[in-house]
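Structures incoming, each one as structure tokens.
Look for subunit A in each of the two complexes below; its partner is subunit B in the first and subunit C in the second.
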Partner chain A sequence: MSKKELLSALEEDYLRELINVSFGLAASIIGDMLNTKAQLMIPKVGIYPIDTLHTVVEGYLGSDDTMLIKQFFQSVLNGDAYFMLSKEDATKLAKLLFKKDDVDEKEIECIAIELTNILTSACIGQIAQMSHSRTIFLPPEIIKQERLLSLGIEELRNFTQFMLVETKLNLESEGITGQMLILIGEGVLSIILNGIPKE
Partner chain B sequence: MTQYEFGVIDAVDSGIVIIDEELNIRVWNGWMEMTTGVNRNDAISKKLHEAVDIEPDKLATLLRNINTSIKLDIITFMPPATHGYLIKTPLKNLFSSFYKVMQQEIKIIPLDAASKLISIHINDQTAMMESQKMLELYNKNLEQMVKEETEKRMESEKALMEQSKMALMGDMIQAIAHQWRQPLNALGLYVQDIPSAYRAGEINKHYIDKFKVETMNIIQSMSRTIDDFRNFFSPNKSKQNFCVEEALADTLRIVSVQMQNHFIDVNFEYQKKHFINGYKNELEQVFLNLISNAKDAMLEKNPREMFINITTEDKDKSIAIHFEDNGGGIPEEIASRIFEPYFTTKEQGKGTGIGLYMSKEIIERHLKGRINVSNGEHGAKFTIELPQII
Partner chain C sequence: METKPTIKILIVDDSISARMLLKNAFSETIKKYAIFSEANDGLQAVKIFGEELPDIVFMDLTMPNMNGLDALKEIKKISPKAVVVMVTADRQKETKKELLEAGAINVLNKPVDEDELRDICAKIAFGE
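The block that comes next holds the complex of A and B.
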């Protein structure tokens, strides 16, 4: 995968810690929801130039087994968040949530949407809090992979970078892996990193 | 809540219900009254699922979302695409082909962490969902239509390809006839010589060995001609990397005798070999088409000297193949139409008008190249450009 990291080690640590804090609470909610112990592993976080988006995304998408959920939000971060989750993992979660072995398509979509909402809201909410701004979220929606893969120059013109957050949800009996993509515009990164404590 | 605030909440065009953590209704706006038929005074102090009809699984989802909203202090959603609705509200005014119950988008908004108050916003999304369903249906029909049209086009292209091959077959049979006439004559002479050789007492081991070698050479040459033609007409098996110059040489071998018989000089020059990926016999079919058209044009004009110059040119990532004849060229007014199907300038019965159309299809669609025509110094000049393997 060809990608160019735009963060120093210190900045990466800060961002990872920021997101990890929000994930702590998110994990306890997910645990409550599924009635099991849940732990979100410390996420891998990276910021990449927007022109490498397709290369990075293609590494995760491609097969019909990956569900892609989009959530639009408005704040100082103004952007689109995408959550990628394998259908197999979403099915495992749906079985746990609905306490049955035979779950249907709607139930799988339902858990994928709830999980996305929890993780993106927690993560973006936490980042936005650092800039003391309010965030408005639109409902998450499941979209076809082509919609992300075919984003062209025109659609991406407001974005300069994207953040890739990769995490693993450890449940008592299962391990679920998901990736979150957050497209961000000019200047947003410096607002986020402004919170780094000065020596 | 002030009177103004309540006035706003009461007037909005969506349902607003404020409840506590136990689902006790605190605020019930005008939209809720109108839509559910439950009076504000009757609703307040009741639990939400007692005031209106909420199915058990939807109530469980609502409770889960309320819990998430309060604990994370975030808005949670129950989108209509996955949940359909929260409050079962039969449709009264809107005629819907798809839904009997109002489709709702639910937003669960935490109002106050201390008192754990929750505002539930309900938006009627039936019309939007109805449009989405219609769109899906149209898309499905459109996909089906595109699929059917593509299949039809592929069928018709296949038929045209066959037709084009059959037309070429006529030329080829002529070429075989030309190619075989001379060796058949030679074989005849060898056979005719046997009785006189016998009478002269010349038939001995040496005679028989010489007869065998020389007649077998002729037969092998005739057999090679058959192989060339068979390769040319065999169906495409798979794409392969092949040398363009070799494909040209194979084609020229097939038509060489025919060209000689018409006194047409075919000059083929190249600096280096170029390789491309595709179906070799399809490209050979294009070459044969262009050579055959050049021959017909020259025979019609009948200039004193007839020639076809073929050259290949390296163009970095592609290769250009030029075919130039001295058949007088193509009148400007028809130059733009010569690649159209069934367009021919030949006499009735002589041309099908599909050769150049198929050539363009093969070059552009199968080999991802391009073909164009211009008038050179003496006649038409066709140029094929193909992506080469570097």
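The block that comes next holds the complex of A and C.
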């Protein structure tokens, strides 16, 4: 099943606009943090059925170079967010943040976690604000790729869909790409789409 | 017979949801006096501006075909006194500065604050 079967054109447009607004805020925070102009592009946004998760994720993971960061959010709006970022891109970011050419593993992990926290908070926070609901974020953590790939029926039983957001962060001359996956239940999707404006 | 004053408002955004959200954010007073037009990219905005000469343009920055900054510059060529308010998710100071330097009279952050929108419309349309 493709995303087009899950969302109408207006719903897809609304979702894209929502992510666009939230990532605008995230870009501003990242730009301030790195003391440079940041632009977050969103080439792809879609909602997919949860049973296609492994197929979609395998397309992005697989290489040892990909870092996977997980962050839970709970309350009325609840789900699991995962951010995928190549180690090469995380290193570029760490160099910009720490203003040095030689960065260590800890500094690379630190920037990957911070970036996830900014993107998740901006994205889910905006959804919560526009849908007049509430959410609480748990601290993000770096996990092994296998943990996402091995999620079974039992672990996924609370979810019916996942949202995939592809991002491209432009910083000075650097281009950094990443993918965000947000696992949500049926109720959460209704809350999100409830914000669609009516004429 | 008394003629009602009208204000022509052009809303430019590639997202139909964004155009609807902005339209819904206008106060009932403004809606009562407004004639709305819409464009879904910068190219269309410039064309409609030239044909209709709206009183105010509310325009997104990031759009396909022609972005908001280029469209703003084109509109200013048609009418240097054009009143253009940029509406963007990009909250960076440099972006705001660039848009104001190009001739925007204000830059609003998405999602648009209804009070801010009301104040701008009141100032421009009714000289309040």
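Here is the rule we go by: the second predicted complex is superposed on the first by the 192 of 199 C-alpha atoms of A that agree within 3 Å, B and C clash if a C-alpha of one lies under 4 Å from a C-alpha of the other, contacts with A are read in each partner's own complex, and residues count from 1 in each chain.
To be clear about the criterion, contacts are C-beta pairs under 8 Å (C-beta built on N, C-alpha and C of every residue); 3 or more make two chains touch, one makes a residue touch a chain.
Just so it is clear, the structure is predicted and the values come from calculations on it, not from any experiment.
*Asks:* Quick one: subunit B and subunit C on subunit A, clash or fit?
*Replies:* Because the two structures are overlaid on the shared chain, the partners are seen to fit without clashing.
*Asks:* So in the superposed three-chain picture, is A:Ser28 touching just subunit B, just subunit C, both, or none of them (first/second/both/neither)?
*Replies:* Both partners, subunit B and subunit C.
*Asks:* For the overlay on chain A, what angle lies at subunit A between subunit B and subunit C, C-alpha centres, nearest 10°?
*Replies:* An angle of 160 degrees, rounded.
*Asks:* A:Asp51 contacts which: subunit B (first), subunit C (second), both, neither?
*Replies:* A:Asp51 sits against neither subunit B nor subunit C.
*Asks:* Looking at the overlay, what does A:Ala38 touch: subunit B (first), subunit C (second), both, or neither?
*Replies:* second
*Asks:* Now for A:Glu109: first (subunit B), second (subunit C), both, or neither, which partner does it touch?
*Replies:* In the superposition, A:Glu109 touches subunit B alone.
*Asks:* Could you say whether A:Asn20 touches subunit B, subunit C, both of them, or neither, answering first, second, both or neither?
*Replies:* Only subunit C; A:Asn20 stays clear of subunit B.
*Asks:* Is A:Met130 in contact with subunit B, with subunit C, with both, or with neither (first, second, both, neither)?
*Replies:* In the superposed model, A:Met130 contacts subunit C only, not subunit B.
*Asks:* Determine the nearest approach in Å between the Cα atoms of subunit B and those of subunit C after overlaying the two structures.
*Replies:* Taking the overlay as described at the top, subunit B lies 11 Å from subunit C at its nearest C-alpha.
*Asks:* Share the list of subunit A residues that count as touching for subunit B in one structure and for subunit C in the other.
*Replies:* 25, 28
*Asks:* Spell out the residues on subunit A that touch subunit B in their complex, using ranges where they run on.
*Replies:* By the definition above, subunit A touches subunit B via 25-26, 28-29, 32-33, 106, 109-110, 113-114, 117-118, 121-122, 125, 137, 139-142.
*Asks:* Could you pull out which subunit A residues touch subunit C in their complex?
*Replies:* 10, 13-14, 16-18, 20-25, 27-28, 31, 37-39, 130, 196-199
*Asks:* Can you list the residues on subunit B that touch subunit A in the complex?
*Replies:* 61, 64-65, 67-68, 71-77, 79, 81-83, 105, 107
*Asks:* How about subunit C: which of its residues touch subunit A in the complex?
*Replies:* 15-18, 20-21, 23-24, 62, 88-92, 94-95, 109-111
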